[in-house]
Amino acid sequence: MFNNIMQQLVNGLALGSIYALIALGYTMVYGIIGMINFAYGEIFMFGAYAGLVLALTNYVNVYVALLGATLITMVLGVVIERVAYKPLRRSSRLSALISAIGVSIFLSSFMVKVKGPNTRGFPKLFENRIFEIGNFQITIYQIVIIGVAGLLMLGLHLFVTYSKTGRAMRACSQDQDAAKLMGVNVDRVISITFAIGSGLAGAAGVLSGIYFNAVQPYMGLLAGLKAFAAAVLGGIGSIPGAMIGGLMIGLAEILGITVNLSEYKDAFAFTILILVLLFKPSGIMGRKANKKV
Amino acid sequence: GCGNKPAPTTTPSATDSKEPIKIGFLGAKTGDVAIYGLNTLKGLNMAIAELNKDGVLGRQVQLVEEDNAGQKDQAINITNKLISQDKVVAIIGDPTTGITRVAGSIANTKKTVIISAGATGTNVVEIGPYVFRDTLLDTIAAPATMKYVIQEKNWKNVALITSKNNDYSVSLSKIFSDAIVANGGKVAIEEFIQDKDTDFSGQITKIKAVNPDVIVFSGYYTEGALIMKKAREVGIKAVMVGGDGLQGDDLMKIGGDAVEGSISYAGFSPEQPTPNTEKFINAYKAKYNNELPDLFAAQGYDALMLVAKAIKDATSAEPEKFKDTLAATKNYDGVSGTISFQASREPIKTPVYLLEVKGGKFALLKKVPIEMK
Amino acid sequence: MKKLLNNWLVQVLLFLSMLGLTAYGAQIINDIMPPYILMIGLFIGINLIMALGLNLITGVTGQLTLGHAAFMSIGAYASAIATVNYDLPFLLGVFIGGLVAGLVGIIIGFPTLRLTGDYLAIATLGFAEIVRVQFTNMKITNGAIGFLGIEGATTFPIVMTIAVLTICAMVWLENSRNGRAMLAIREDEVASSAVGINTTLYKIQAFAIGAFCAGVGGALFAHTTTFIQPTDFGFLKSIDILSIVVLGGLGSIPGTIIGAIVLTAAPEILRPLSNYRMMVYGALLVVIMIFRPYGLLGGVNLRQAVRRAIMWPKKKQAGRGE
Amino acid sequence: MLKLENVDVSYGSIKALHGISLEVKAGEIVALIGANGAGKSTTLRTISGLLKPANKDSKVIFKEEYIFGIREGSRKYECMAPYKIVEMGLSHVPEGRHVFPLMTVYENLLMGAHSHKGKPGQSDFDRVYHHFPRLKERIKQVAGTLSGGEQQMVAMGRALMASPSLLILDEPSMGLAPMLVEEIFHIIEDINVAGTTILLVEQNAHLALEISNRAYVLETGTIVLEGPAQELAKNEAIRRSYLGE
Amino acid sequence: MSLLSLHNVTIRFGGLTAVDTLNLEVQQGEILALIGPNGAGKSTVFNLITSIYQPTEGKISFDDKPLGGIPTHKIADMGITRTFQTIRLFSELSVLDNVKIGGHCRGKAGLFHALTRLPSMKREEVELEEKSIKALEFLDLASKRDEMAKNLSYGEQRRLEIARALVSKPKILLLDEPAAGMNPQEKVVLMEMIRRIRDTGITIFLVEHDMKLVMNISERIAVLDYGKKIAEGNPLEVRSNKAVIEAYLGSGQFKSRRIRR
């Protein structure tokens, strides 16, 4: 029983890291533009397909596939922002939300048209290995995912908190006009934000493609939702929060399965999410929107 | 309600007219279950091409295809459109049981024949005299499969996995689990997943603990493949057994080695074909650049051919007339097997094909003949 | 004349005759239109009823919810159980559907409405998932297999009459003390409570009414499709309804009407595009939002619209001193 | 240094400025006064590029560069992005403070020096702390929780960090305690002496006129009076309508 | 009789004591001003009175009823309304609607009335509209009634806040820097308005940095510094109080240091 629990813990951590990985870029864009970027999931999907196509065509190695997918989604993200979001910057957040939904419908049906609706497997880009530690196992995929998520979180957090560009990003998120008056090139900062965020989505797409061995035109929806949930649970815009949120949701799902409630697995995760929010209404790491009156 | 007027009787174009006979296609071309719809459509197009060589009652057959994206409200709109606007005489129904039920009841009230080339669940033909299907029923095939697995293979310790948000899987699991008990096996653990899940590590960890002889999974092939990948990864040796939901080349494309040896049943196999089937397979390969037809393509083809035959036999393209000739079909030699309709209009298809994944392909394991009562 | 029109009883009579007229007109349409068109019209009506409810919550009161489909499903199942298992008449079933959904709206409203903005959005989304999973695992709903054998009792005239009734109710509500309080909450919660508005109360009110509408819509939906499954009420359904509200114009009733028409009809109109249909649909959403950032009729108020359109002699307006 | 010619600005259908022309020469302090809603803030927001003139004949010229308008002998309508204007040395303290509420006081000040290459030196901070010792006490406090006046100090300090050549101030003394109001005006004078040109919008017309060289009076979007500040301060009409006497 | 009284009120934000054992009485019908340096805790006092913050220690009572734990919206019912230092209007609503909403707590119509539109509800609406227009006229905003609030200029928005507060028929009106952003002339007008409001029987409690206005209209002044009350009295007394001069008023004599060219 005990090793079972340890094993489930590893399972939960690995799954949670995937969610965290998807949520990192999401929370960043989300925190800075203040919009629910619904197309994020589709960018993730696009990245996964880009990685797949690269991996299939040229017998390239993991790194090339990863890098290529990242670059492609970076461009995609910036283009989407310019076309579909920028004109809506001054209008209601919800207008941008609907525009994002339009983009996401477009992208997924585009992919159905181009690549067909069925799920595709992923070629092995590197050999999976299994390590037995005591009574439980951990695969090299899991180690990579957990490691990459952790490193990216750290890097991104440092970047946003301490770099000049990062500070400009936060300024844009809090008061765009004032940011302009400080000499921030808001368009550029937003493009950078989208580029980084979307690139992360693309990389996450490839990694989760490798990990789950499945790529599908509609995979973005669920991924986007999980990322949204993780980002909010962790506190909107908080990068360590996204990591914690992702891990918590992953662990909650596996916990649901472990206690024989697998048919309620998603409900389980969302119940925990709602409960946490009731006690911490702005997420685990979220700063209370403490605007003084 | 106050708005319930008797449905206006459709006035199909006069029998002697040379206008094409219109057949509607209802199914998903986009959305999650698009793959089933698209393959059905391929089979249909084969049939159309063939029928139009000679025509039916001297008329051409024309297909009106619409995409319901797997959504019920769209399916309703389409069914209405096909009947009232396109004036089709028959609809080749959606491959899934759920939508067939909804579309079936509309078609039935509007007196248009609907025949599903994929629905295997319950409560379909009961809707009324215009509703048909040409599929291998789960209630027949699943017990036959379990009998083989438990009695011939002697795999008694079963782990059962159900996709909880998939109606097909939920009903099929019930049939499987009854059949397991009836044949002397035991459901050692029952686990649940959901369609579109990609992580099964939690369930597999639990399943490993009971060390099953076989994993029975009642859902679709994508999840099936991913489950088996995970199972092999943690060292489970048992093979997977499932229903026609596992039919799809993607099972092997995604699952690779992990699904080797998996067993499933289907109303069709391209192996050991009858001459009729062989002809179909060759034509299909020629048309769709060497792709092998699958269950849905074959059943779609048969569905349209059945309708065409009924129209010919009735010498009328009026649904009211040819539905009875259709219902009277016995021992029709289809490409997907021999099809007979019982008095209840429920089809009996023989044989049940048990297929095993071998070398990355579905290979015929056994043909289990079914007696018509 | 003016005085007469200002009399309450006269207004009630006028209103009832308008409803009657609607029903009668819809009946005529029902008799002459082909079922396909009629069915699209019917779904427009159902979507409109649900969207009006969401408009009250999100457009008027400013609370973003992403779980409207949950209330729809509650109404659908409740009414189906009422009419199938308990043999209650259809319209009573519809009412029960609305009522149950409204009650659930109140119950979950209390805790969740403490949340704001996107935190509320994700909580409602989560709530909807929980509801869906619950229905998937319940006996009485027959789980994923679905609830069979519902009578196809929904007709075009019924839907149209209920839709018109809903529109009227929403217009009245918006132009009342309650409606203003809800608008105030959307604009600034702190200032609202400082002028004495019990923000929780009005949020819950909006939530309950919105959920009621969704429940009614769900009930009508169930009695249209005759067969319902939990998958019919997924996240994308919530998004569909939200799109109607935003694309039409947040907070605008005429906008919601246009939104319901456009977004329900568009997938049907786009059918000839076949494989490119959904791509075009997605692009359409983007294009409309870009060219009408506040929605098709954003900021248009029904009364103004009507007045402007036909220069109505201000009969219902009398008393609003100018 | 700064020149506006015939500037029209509208908010949707509402016209807020009707063909304004004004000029600020290097080294000057120029005051812009007017009643509520006259269009003072609109003018400043146009200068810093946050608003665009409605009319292509309008010209806004800063240091010989066109912020808006068509250069003589050319046909191209130029329209400079706000950040470029800032990089050219303009700094704008907006009405209503607009501090970054979730950033600390320190980070807010850092943002002030954003347009500069590299990190600002300690001496830049010290200059700000010298004027506003309260900010030094609160460098780690999140600006959104500061009192109104403290936020005004942040807004002002932020602008000082930029060491601009032209500083435009929209009611910098609003919400400040009397002592600090004086301090603000002293600061304005000091930085002016140190070489910064200043365009000042102030409701405290007494003090504004006292420290300025010249002033413009704006009424419902039109400039109705201009001249040396001391003369305007003696003008009867002005004394009545703007000085409350 | 004292209408509002603060007894040993303290509030801390983390390590910062924003208001420190404050005792203060506001008498029925008076104009009382609260002044003090920036960050002294004046706005916080208003936030405490209106229950936006709860005091860490001490208690506040109004009309002899303790205010502890009473939610903000009930405070308005009891007769306390306020304006905000940072303007908080319902910015996308019309000026008239803003004012009407101010009258919310004096209305009775509920959901039932909204949906039945009974004559009583209409009467209430008509009355509210009349009252609101009166308030707008009083603050010289009647011509802007159909404008969206966010389109008003700063000074107009300040007056709109006062109009909104007035429609609720308060017993006491808390004004947080009402004159900020107004020019001297407008301040004179405002001063007159405040007096007239007081003359209708409404007690005024005022926070303001404009000494001319404060000294002119207030009957009593309390001075806060670092959350502590350092002086209280009539304008004359306060003006000459040394601590006040040192902490807040300064010399009051601005001397331009610049030699003008």
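The first chain written gets the first letter, and so on, giving A, B, C, D and E; residue counts start at 1 in each chain.
Basically, contacts are C-beta pairs under 8 Å (C-beta built on N, C-alpha and C of every residue); 3 or more make two chains touch, one makes a residue touch a chain.
To keep track of the chains, here are their UniProt names: A, C = Branched-chain amino acid ABC transporter permease; D, E = ABC transporter ATP-binding protein.
This is a predicted model, so every value here is computed, not measured.
The minimum number of touch steps linking chain B to chain D comes to 2. The interface with the greater count of contacting C-beta pairs, when A-D is set against A-C, is A-C. Farthest chain from chain C, judged by C-alpha centroids: D. Spacing of chain C relative to chain E, judged by their CA centroids, is 41 angstrom.
Inter-chain spacing, taken between the CA centroids of chain A and chain B, is 37 Å. Centre-to-centre separation of chain D and chain E, using mean CA positions: 29 Å. Each of the following residues of chain A touches two or more other chains: 109, 112, 263, 266, 292-293. Residue positions of chain B touching 2 or more other chains, listed in rising order: 30, 164. Touching two or more other chains at once are residues 43, 52, 84-86, 88 of chain E. Residues 1-5, 29-30, 65-67, 69, 71-74, 76-77, 80-81, 83-85, 98, 101-102, 105, 110, 121, 123, 164-167, 169-171 of chain B are the ones that touch chain C when the two sit in their complex. The residues of chain E lying in touch with chain C in their complex are 50, 52, 71-77, 81-82, 84, 88-93, 97, 100-102, 104-105, 107, 109-111, 113-115, 117-119, 121-122, 124-126, 128-130, 164-165, 168. Across the complex, chain D meets chain E through its residues 11, 14, 27, 33-38, 41, 95-96, 134, 145-150, 152-153, 171, 174-182, 185-186, 189-190, 192-193, 203-207, 210-211, 213, 230, 240-245.
Those residues of chain C that touch chain B in the complex are listed here as 23, 26-27, 30-31, 34-36, 38-40, 43, 90, 136-137, 143-146, 148, 152-158, 221, 224-227, 229-232, 267-268, 271, 274-275, 277-278. Chain contact summary for the complex, chain C toward chain A: residues 58, 64, 111-112, 114-116, 118-119, 121-123, 125-127, 129-130, 133-134, 136-137, 190, 235-236, 239, 242-243, 246-247, 250, 275-279, 281-287, 289-290, 293-295.
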